[in-house]
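Shared chain: chain A. Partners: chain B in the first complex, chain C in the second.
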Partner chain A sequence: MTMLRFLRADVRESARVLAPVALIAFVLFVGIDAVLWLKCVRFIQMGKDATAPTFGDCFAALYGGALNSALNDNERISLPMSWVAVMAVVLYAPLSYPYSNLMGFGKQLIAQGNSRWQWWVAKCLWVALCTGAMALIALLSAFLVSSLAGGELTLRTQGNLPGLLGLNGRAFLEETAPIGSFVVQAEMCLLSLCLAQLALSLVLRPLPAFVLVIGMVSLSIFYFGFPFVGELCMWARTSLAVNAGVNPLAGIGTSAVLAATSVVLGGLYFSKMDILDKELVA
Partner chain B sequence: MIIGCSLAVGCAAMAYVDFARGEAGKLVSGEWLGLSVGGCYGLWMGLGTVENPLRYVFFILAPLLAVMPYAWSLRSDLVDGVANQVATRVGKGRYLLFRGVAVFLAAFAVIAVPYLLNLVILACLVPAYVPDITEVLSLAVTSPSAWSALLYTKPLLYVLVTTCANATLCGLWALVTLAVSAYIDNRVILLVMPYVALLVWTYYGDSALFMAAEVGGVSLSLIPTLDCVGLGTQTRTLSSYYIQGAAMAAASGASLWHQRRRDLL
Partner chain C sequence: MSIKIESLSKRIRGVDVLKDISLNIASGQVVGLAGPNGSGKTMLMRCIAGLISPTSGQIEINGGILGRDFAFPPSIGLLIEGPAFLSGRSGVENLRLLASIREIASEEEIRDVIEAVGLDPSDKRPVRKYSLGMKQRLGIAAAVVERPDIVILDEPTNALDAAGIKMAKRVVAEQKKRGAEVVLSCHDAQVLHEMVDEVYYFAEGHMDGHETLNNVGGPNA
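Presenting the complex of A and B:
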């Protein structure tokens, strides 16, 4: 019951901080999808194989990422700036509030609730809510742009999507699969990264934690496998799109394990952490 | 500084391992590629002749690293009350000016030192061949790129000029963050929000806008400009530096000027 009260207070307190981030995220997501729409129009005008972007195309464009370097036929990897920007916005959204809450009002709540674990679990739930809100914005943007473009509202992607995203089309399956399971995998991966960042922010403080996580996420453009879990957020690395890609079930499982580990280790650390002798964030 | 230097040392180590193992060695003895690509200038992290993930991570993180040491100091002084004490003694204008100078120099050092450290380490390990113009395809520094002539004639000067220019841009970026600090209280939001906005702008300013307008042009974003090759879709010319430098200097100058007239209490 106390935890629900914590969570309600978190949602109320953080709304002011999250509103501008949600706006930035919406502008970015719609922009990326609009560029995809523009490219589709170009391709159609040039007589290339393309249709109006489907809902699946628009979502995959947000989390397109980069090909696994081993599949890239010795071509140089071009840095996917749109993917980096999307990851940074989503990781930034839940970054500052939990720690600033701990340095202020949160201490009184912990004293009143008489339980650190309840505070910690409430913050983990808040991070999950925050990541869910970002996922909703991504889905809403994809829906909005595909509807405006007159594309099909289906999870299927068109055959020429790799070309539209500037990826090496030869590495992709001839018929890419619907992205339903990828949507779950990407959002689970983002949740696990955000929870890992939350746990790290207790140990290192929020800014170094963000630098560390965004650094690891950037390295997953070039490397694959554990610990470069950022690749689980890349459509170009799933088995739905490429031959030797990550199986969505394995991706969801890995993300769940990382999320659970972050919650447990973060909680154990927080239960013994000195919360009085810290620098003030405000 | 420690993070930046670690990435620079990692870059140098990776380049040297490639060189020693034969990947860069192949460049040296290869049929199609000349000696100079495998020299310390050719392998320098600013050029990126060899695919090196750590240099990309450095460029992605550089604007964040530049603001980490000192860009929040004005906000910290305002909150602690130090700003009132100092401003009453030396004057508000002088206080803001020297605060700006300190922030600029800190950011400059955070970016310049890793660039130079990388070159020094490479120079200790591989020969200092002067890059040859016949290898322009590998080096990817063509005539529209800023100071490209220097690379093929006086490479050390090219490294110094490029390092100074990139560090200056990062210093100005830190000043922009300092200027924003007059309006944002939370340190994490203050340092990370402008960075996230910059990443969003990198996408729009360096690919989406030019693509929509169907034109090529100069790189208009800080992150691709820090990299000499490979990162941006637009060319990194002298205009990139002038436009971005002027925009950041004007924005930070105007905001600090406004701050000069505000009540410190």
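Presenting the complex of A and C:
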């Protein structure tokens, strides 16, 4: 019950903090999807194989990522800047509120609630809500742009999507599969990364935790496997789109394990942590 | 309710911030902590509040060990490290949010306590527009709004004018009268002596003597 009261207080208070980030995310997501739309129009004008972007295309454009190109390959790797920007904004959204709450008013709330674990679990749930809100914004942006473009509202992606996203490689399947399970995988991965960031923010403070997590996520462009789990948020690395890609079920499972580990380890750390003021933490 | 602190020590990053502190606080007693900056007063308050755990020693509250039997004292009000509030909300909204965790204080009690510290409960201004003194008054109100058994007041008279200091003395006297244990620190020795039953002197993390007074609830309050 106390945990739900903590969560209620968090939701009420964080709305003001999150509103500007949500707006930035919406503009960014719509912008990325609008660029895809323009590319589709250009491809159609050039007589290339393309249709108006589907809902699936628009979502995949947000989480396109990069091909599985190892650094020692001779292939030229282009940095997926839009993907990094999407990752950064989603990770940034839940970054500072929990820690600033702990260093300020939250200290009194924890003492009133008389439980560190309940405060911690409430913050994890708040991060889940926050990540869920960002997922909704991504889905809404994809829906909006595909609707405006006259594309099909389907989870299927068009055959030339890799080309439209600048992902030219031989690895893509002849016919890519609907992205339903990838949506779950990507959002689960983002949730697990946000929870890991939350736990790290207690140890390192928020900004270093953000830099560390976004750094690891960005390195996923070049390196594969644990701990470079950023590839679980890349459509270009999923088995739905490429040969020998990440199976969505495995991706969801890996994300769930990382999320659970972050919650448990973060909670154990927080249950023993000295809650000092900012000066002493520094 | 009683607090028994036994051989409490705290080491942070290689520095002994508290060294072998022992003291007892009985129900209805007001204890003052005096000493220069960095002498360990606030650190001891943080320990009593359950915000930090001791490196050695223990704090016993009503027979239970803090950190083992409960994470925080079962009933505590805090003003520590300066008042911290949600700056975009009014004073009443802040206290309402605080009171929503345990749902002990009623809306009427919230408004009463705000009035008691000299603020206007109908003031809709966000706390960021409050002066330092007003924030301090709200901090005192937040510490006592739920009538806790233990009240921790770290420098409650900071930024207060003469009327504010008088109010702080009155609030402390009221807490004593209803049987709460109050632990407070104050840099103004005279003001501290007027508020407390007992003063513990701190220097470089250790206790450097203590003095028994007994004047709270009297004419000075």
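Note that in this section the second predicted complex is superposed on the first by the 270 of 282 C-alpha atoms of A that agree within 3 Å, B and C clash if a C-alpha of one lies under 4 Å from a C-alpha of the other, contacts with A are read in each partner's own complex, and residues count from 1 in each chain.
Just so we're on the same page, a residue touches a chain if its C-beta (ideal position, glycine included) is under 8 Å from a C-beta of that chain, and two chains touch if they have at least 3 such contacts.
For clarity, every value in this text was computed on a predicted model and none was experimentally measured.
The superposed arrangement places chain B and chain C next to each other on chain A without a clash.
Of the two partner chains placed by superposition, A:F182 touches none, neither chain B nor chain C.
Looking at the shared chain after the overlay, A:L276 reaches chain C, while chain B stays out of its contact range. When the two structures are aligned on the shared chain, A:F105 is found in touch with chain C, with no touch to chain B. Of the two partner chains placed by the overlay, neither chain B nor chain C lies in contact with A:W120. Contacts of A:F55 after superposition: neither chain B nor chain C is touched.
In the superposition on chain A, no contact is made by A:W37 with either chain B or chain C. More residues of chain A are touched by B (comparison of chain B with chain C).
Note on the composite model: angle chain B-chain A-chain C, taken at the C-alpha centres, equals 90°, rounded to the nearest 10. By the touch criterion defined above, A:I221 reaches chain B but does not reach chain C.
Contacts of A:R16 after superposition: chain C is touched, whereas chain B is not reached. When the two complexes are overlaid on their common chain A, residue A:V211 makes contact with chain B while staying clear of chain C.
For the pair chain B and chain C, the model built by superposing on chain A gives 11 Å as the shortest CA-CA distance. When both complexes are aligned on chain A by C-alpha atoms, chain A residues 280 touch chain B in the first and chain C in the second. The touching residues of chain B, when paired with chain A in their complex, are 3, 51, 53, 56-57, 60-61, 64-65, 68, 79, 185-189, 191-193, 195-197, 199-200, 202-204, 206-208, 211-212, 223-224, 230-231. Those residues of chain C whose C-beta lies close enough to touch chain A in the complex are 12, 46, 49-53, 70-74, 76, 78, 80-81, 84-86, 88-89, 94, 97-98, 100-103, 142, 146. Residues of chain A that touch chain B in their complex: 17, 20-21, 24, 27-28, 31-32, 35, 38-39, 76-79, 81-82, 84-85, 88-89, 92, 95-96, 99-100, 206-207, 210-211, 214-215, 218-219, 221-223, 280-282. Touching chain C in their complex are the following residues of chain A: 2, 5-6, 8-9, 12-13, 16, 103-105, 107-116, 271-272, 274-277, 280.
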